[in-house]
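Below, chain A partners chain B and then partners chain C, in two separate complexes.
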Partner chain A sequence: MSLISTLARLEAISTGRAQPVATVRHRHLSERPLVLVPLTTAGEAGAPLGALVGTDRDAPRLLVVPQPRDRDLRFAFLAELADIVLPYVDSYADVVEAAERSETDPETGKRVKVEVDLCADAPQLIVPSRSGIDFVRLLGRSMRFRRTAEQEPEAPHPAPPRVPLLGRWLTHFGERARVPGSSLLLALTDLLTRHWATGQSGVEDQHLGALLAWIDPPGDESGDTAARRAELARDADGQLLCPPAGPATDPAFDNKLLAPAIERYDRARAALAAAEDGLQADDRLGDLTAAERGIRGLVESRTRPTWDAVWRGLDLLRELPEGAHAADRWTRDRWSFTGHRDRIIAGEPPQPRRDDAVTAANKLATREREQARLDAQEALDDPLVMAGRRLAGEAFAGEVTDVVMAYSEGKRPSPRPLVTVHTEDRPHLGERTKVYRSLGGKPQAAEFVGYDGPEGGDLLVLRIVDKMGRGKEPEQGSVPEKGDLVCFTLFEHDQRAGAKLPDPDDTPWTHGGPPGDPEAVPLPEQPDPVTEEDVL
Partner chain B sequence: MTAVASSGFDPGAAATRATDAILRDTLHGTDRGVVVDSPPGAGKSTLVVRAALELAAAGRPLMIIAQTNAQVDDLVLRLAEKDSELPVGRLHSSDADPYDKALDDLPNVRKSTRAADLAGLDVVISTAAKWAHVKDVEPWRHAIVDEAYQMRSDALLAVAGLFERALFVGDPGQLDPFAIVGSEQWAGLSYDPSASAVTTLLAHNPELPQHRLPVSWRLPASAAPLVSDAFYPFTPFRSGTDHGDRRLSFAVPSDGSGPDRVIDEAAEAGWGLLELPARHTPRTDPEAVRAVAQVVRRLLDRGGAATSERSDEPVPLTADRIAVGTAHRDQAAAVRSALANLGVTDVVVDTANRLQGREYDVTVVLHPLSGRPDATAFHLETGRLCVLASRHRHACVVVCRAGVTELLDDHPSTEPVQLGVTVKFPDGWEANHAVLAHLAEHRVASRP
Partner chain C sequence: MPPPRTRGTALRQRLAELRGPEVPAKALDARALAALAANPGCRRRALLDGAGVDKTALAGALGSPSAFGQSQFAFMRGNAFEARVKADGGAELLRLVHERLDPSAEPPSGAAVPDLAAIGPEGRAARTALALREAAESGGWALLDHPMLALDVAGSPAFLEPDAVVVHPDGRWTVVEIKSFPMLDGSADPAKVGAAARQSAVYVLALEEVAARLEPVPEVHHRVLLVCPKDFSNLPTAAAVDVRKQRAVTRRQLTRLTRIEEIADSLPEGTCFAPDLPREQLAEAVQSLPATYAPECLAACELAFHCRSHAREEGEVTSLGRSARAELGGLTTVEDVLAAAHGRAGDPEDPAVAALRRAADLRAEALATAAARREGAACP
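Right after this comes the complex of A and B.
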């Protein structure tokens, strides 16, 4: 944790309210996000209990699996979910704008610009907490390899038509969410903690109710008290007043309310199946419907508070103006969305169970680059974030006290003005350390020359080295003037693209050779050899 | 080289045997790769230079992959020192000042940003990052990968297509490579891109010959057993020198202060622990930082002289023979400014990551866990402590707040166990305890 966020947390404790750690909103928020509040069944991985889902805060769709262990009912739930999510996704797939992308020409091997479609906007999924993102991934993984009756008419238990497609999309959202700064799939708790620091720990911040209590406590109550109430307060029946944001449910709810309701449903279903005539069946169908309604009511009662909390959190975030670079990152999300749309249209198979060596390395490289880019962009967009970097010695701000014109040596001398900056910050500068400032949105580089005065003092001499035009005299406005307030960073503002990795088909021997070769993934696929300890 | 140690162990002969076996496998073996584990100061660079010269002499075009520009330049200089006639290519980036200016004085070293300009030279050297941009060239018959344990698997993936066979050399005890984003997604995969290059290489090619250099020429007899036991429990090594072969003495006697007493203890025993009162502090603990600076100041002021097997006469302990190691960059910056206040500007102060591969007579270490309220995976990483505790030829002074033992007991390792990932032994928790237990015998309490 950085020093400034520690300070913000301490301040939150002493004031009883969350403290802002950002002055702008660092993530793009869609005009029409799709909010998903899922619940899962305790002890059954990948068995949804229900969900509230939709784009209209006043009219969420309630989906419920009355008997979560019944796979037909689970498929019905997933099919319903697909009927909501896929039209939402599709509504962004068709609206495109023209864009340019550089591709390698297969014939010449040269990089050429090609005109391609870029979706003008992209869908955005919001879940309450980080475990919601994991749940989206789990759903994606459980669905994308399913076969429909159309694909495999002979196979038993076919999946409903659009379920595998939903699995592919949820997998894509889940993977994209691992890219720093991306906004296709966001957890509200992550969004809120990016912008506010509370007086509780990071793990406690994953409780949406407690987190909102710190940020926006009711009335005059302190965040501490409100958060404690959100976590612990129960009604006369022993049920939490603020149910957990899921997907896990509270055991008291499971035991006291859900289990009896499901039992009642199971009994009604068995009774219906055993009905001897139409009249009796009608009667018993009524019982079954009532039992199902009971479970629906229970699921809604646990998801609706979270649903409302998510929208309240979004309101709080919308009060902040969007950071300047958030749109740039959203454009990358749109590229990602467009790319996946194209893969599906092209009939490519679903994402593989595991990445191959080259894909994994490419993903890691992308994410590292995006992380560095995000860190730089957030600091440039937000003086409060920059303050944290300054406090950490990674940037400094101050006033220009002197500018001396100088030139580089060589045949064509270029301007290399020496700029003295007075700063109260204590940047970690060494000889010839590169520093950067933003000049019209582009980074201008300078070198640290030394201190004017004592070592480690407050007068820094910098040599500006670029962005001054081609002439002998620097272009107007490209060199800071005496009295200007400037802010330089020790980190770069933009990230270079890394080296291109080989094609997966050219995976070298050090990494097991090309995938598809059954020998390629040796160890994890095979069971351990039996040892003496295995035999009692 | 040193005489046969009293135990009958001949370090020179043991090292020669190991080197011969490595060169035999490299030059005449049939395997595509050879892996060499080298403990700190075991002559890894010497081995790389020797292997390069022998491969070049055998007429095999060779590429060398190192991890940083400093390592590349150092290797070029060492090669030129051994054989000034050898045609060497230094492939470099197009940034400003891409290589050490000293290379300009070497007539047989050609420098270029393009691999094509260096084609046909006996040896071409660059960083893994630069090699990754080289495309469409005839693969080299042979490569040497230096610091292979600090190279990430994805970096090897980018360059492995450039060579047919390779010698991988590195120190498994030093800091593992890291990623700035989470990579748990791939944990347990044999080609986890965030793992070390050697881990991936051996997962896919378990049959490759693996060698080990058995003797540390850097670490003194006082340090090798501790470093070996704490960080290399299953692959022990010895020091090349014996007790009494090296000596550190000071012209100016101790003034009785904490720094002076710990200097004397370290000069005598090879280790010294300057213990400050227990306290939770910010990372740049001002008292600990000042104590580090004072120890360095006194080391310089007291007219130190180092006697070793390298020369007959004692060599003065000058600023360039001393280094300060920390865990974090802000700590290094704080120590640097504290030193500047005491008028010391030419002592190297850096983090463990940047001190890897370097060697000094005396090191002063700010203990990574000093003053901390918690012991995170970063601070417990075995390699971090190993780097800091294995840079010295004579003595190492550790500055630390009291209470680290209790801190360790309060924070057993809690990292999730990943299936398919080889558990690294020893873990940082155990290694830290081992080092602290040893340091406790050389403790000097100090009140700032």
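Right after this comes the complex of A and C.
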């Protein structure tokens, strides 16, 4: 937490309302996001209890697993989820535009431009909180190795046809969410805390209800009071008034309401199975339906408040103008989406359980690069973020007080004007430190020459070194003039690709060494073994 | 060295008075002991835990009930999994211990599973100590299912019940912790593994006390076996977890715990924490114990909500997190920080104050810039 955002939190305490820590929206929001509010069963891995899902805030689809330990009911839930998520994903897969990508030509080894398809837009999944992202990842992992009846006619308990595909997509969304600045899968709490500072700690900000209470408290109430109520207030039965955003449920809900309802369902199901004639079966089917409806009502009552909260949060975020570079990062998300679409069309196997060394190293390098890119772009888009960098000595802003024309030495002298900037900031500058400013969206570089006046004073002399055209005289507008307000950063604006990784055949021993026989077809990942005890 | 008997008795007497007449001491379980490491500087927690005060009841009586609870689904699943792991005389469990911790030993077959039933925790602890001695002498594999260990905490014994302890053929002892969170593709939730490691470290310490009374002293393995369900099934899988660090931290905390005598002495005469006392009186009693609240307490301590509302009322900046306080130097309240930041108070020569003012100016400037920009966009 930088001092500026700590200050924002303290101001939130004293004013009773969350304070902005961003002045523009730093993430792209889709026109038509798919919101997913899942609930899970306590103590079970990957046993969903239910979910609200959909793109229409007024008409979410409610999916429920009345007995979460029953594998068939779980599969039915996942198949229903696939029927909602996959058509949504597919609706973005078919609309493409032409784009260029540089690839390495396998014959010449040179980088060449190739014309490829790029999806014109991409799907966007929104979950309430960070644990929702983990749950998406878990669901993806639990489904992508399943085999359908078509793939393995002999195996018992085949998965419904589209479930493995849903698993691969959810895995892709989950993996993409690890890339800084990406927006294919977003947690609303992360989005909100990126743009507002509340008067509570980061731990407490994970509670969506409390977070929204600080940002948009009802009436004249203070954020603190509203947040405490959202967090703790219970009704006469001991149930939380604002249910947790999940996927974990409140133990009091599990013990007092859900457990009896599931028990009733189990009894009704056993009774139906034991029915002796049609008439009796009809009666008992009625009981079973009623019991199932009871559980559906419970699940809806715990997910609907969160569903509404997610949309309210999205409304709040949409009030902020989108940051200039958010679209650039969304384009990368579109590339990521297109790439996965192509891998599925090409019939590639699902993502492995563990990445091999080369893939893992590439992923890490990507995340580091994207983090640096995100940090730079957010600062350029948002004066409030830049203020934090200026406070940290990583940027400075001020007024140009003097410009002296100078030229480089050499056969063809080029312009190297000396610009004096007056600033209150205290950047960490050494001799010839490179600094950058944004000139028409492109970075222009300068070198720090020295202080005009005492060491560490407020007059900095810079030598502009590029983006002035080819001529002897710099192009119009490419050199700041006296009186201009300028902002230079010590960090680069664009991230160069890092050092190239070695070829897979040269993988160092620290990373497991080169892969074995390149011709050998790797064994396909086996599905998780099914044990009878899965159903307790 | 145990403290002289009279002093120990006096302390025990004093702690009983603090608990209130007729209120039994709440046993310190491993979770509570391990949580000490989370906030060692908190005198409130140290004394209340040391005195065996039921903090859940106390928090309820103070009007800020704790929110800890376990879902019966998780509880049932945990029990079913543990029963499965220990089925068949612990054959699967012993196989995992052999495979993960002691592959060079003879494979375990027909391990001894001594009966540890006895009356009362003292009886069970004595029975456990005896079983451990016998197992060490017999020189084969042995599995102790839910043994009872006693650990001296600030002069009074705390009774601890690990899931299992395994005696290896070479006489070493291993703590086994069975958890029901999954190990997915070989890795589990780091936060949960960390909590399990802290808990196991307390068991290791307690076992070392038992071992110290034997001749020759058996070695207690500093790697414990964490058993979890594999992937999405409930088949067990296991991993060895090194708990040396957690053991060192907990040991240090336990020696520091002896300070509770000092803390008790600093309390006004007649202080009592019995939950049936009037709320104001209790609040005053709790207030006389200094607390160091931080948001991490919310996950570990039953009194956290009470301490939090108090910290908020006082405007303590730690309620935002420990890192916030570290940044703000000597300024500890919200009012002080804001006054310093906006130039109403504070010495501008103080680097913390200077940085705050600079931050406040930059923030105001940036917000003004953004507002102007938005205005400009609205009416071009």
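By definition in this document, the second predicted complex is superposed on the first by the 505 of 536 C-alpha atoms of A that agree within 3 Å, B and C clash if a C-alpha of one lies under 4 Å from a C-alpha of the other, contacts with A are read in each partner's own complex, and residues count from 1 in each chain.
Note that in this section a contact is a pair of C-beta atoms (placed from the backbone, for glycine too) under 8 Å apart; a residue touches a chain by one contact, two chains touch by 3 or more.
Just so we're clear, the structure is a prediction, and the values are computed from it rather than from any experiment.
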>> Quick one: is A:502 in contact with chain B, with chain C, with both, or with neither? Answer first, second, both or neither.
In response: first
> Is chain A touched at more residues by chain B or by chain C?
Replying inline: C
>> Output check: A:261 vs chain B and chain C. Expected answer is one of first, second, both, neither. What do you get?
In response: neither
>> Touch test for A:142: chain B only (first), chain C only (second), both, or neither?
In response: second
> Just chain B (first), just chain C (second), both, or neither: which does A:125 touch?
Replying inline: neither
>> Output check: A:178 vs chain B and chain C. Expected answer is one of first, second, both, neither. What do you get?
In response: first
> Touching A:354, do we find chain B (first), chain C (second), both, or neither?
Replying inline: both
> Touching A:3 in the superposition: chain B (first), chain C (second), both, neither?
Replying inline: both
>> Just to be sure I follow: which residues of chain A are touched by chain B in one complex and then by chain C in the other one?
In response: 3, 354
> In the complex formed with chain C, which residues of chain A make contact?
Replying inline: 1, 3-4, 6-11, 13-14, 20, 23-24, 41-46, 138, 141-142, 199-204, 224, 228, 232, 249-252, 254-255, 258-259, 321, 353-354, 382-384, 386-388, 390-391, 528-531, 533-534, 536
> Inside the complex, what are the residues of chain B that reach chain A?
Replying inline: 32-33, 96-97, 129, 132-133, 135, 153-154, 156-158, 160-161, 179-183, 185-186, 188-194, 197, 200-201, 203-205, 282, 329-330, 333, 337, 340, 345, 419-420
> Which bits of chain C are touching chain A when the two form their complex?
Replying inline: 67, 69-78, 80, 84, 180-182, 184-186, 229, 231-235, 295-296, 298-299, 305, 309, 312, 315, 317, 319-321, 323-324, 327-328, 334-335, 337-338, 341, 355-356, 358-360, 362-363, 365-367, 369-370, 373-374, 377
> Which residues, counting only chain A, touch chain B once they are in their complex?
Replying inline: 3, 178, 180, 354-358, 360-361, 363-365, 367-368, 371-372, 392-393, 426, 428, 432, 455-456, 465, 498-502, 506-512, 521-524
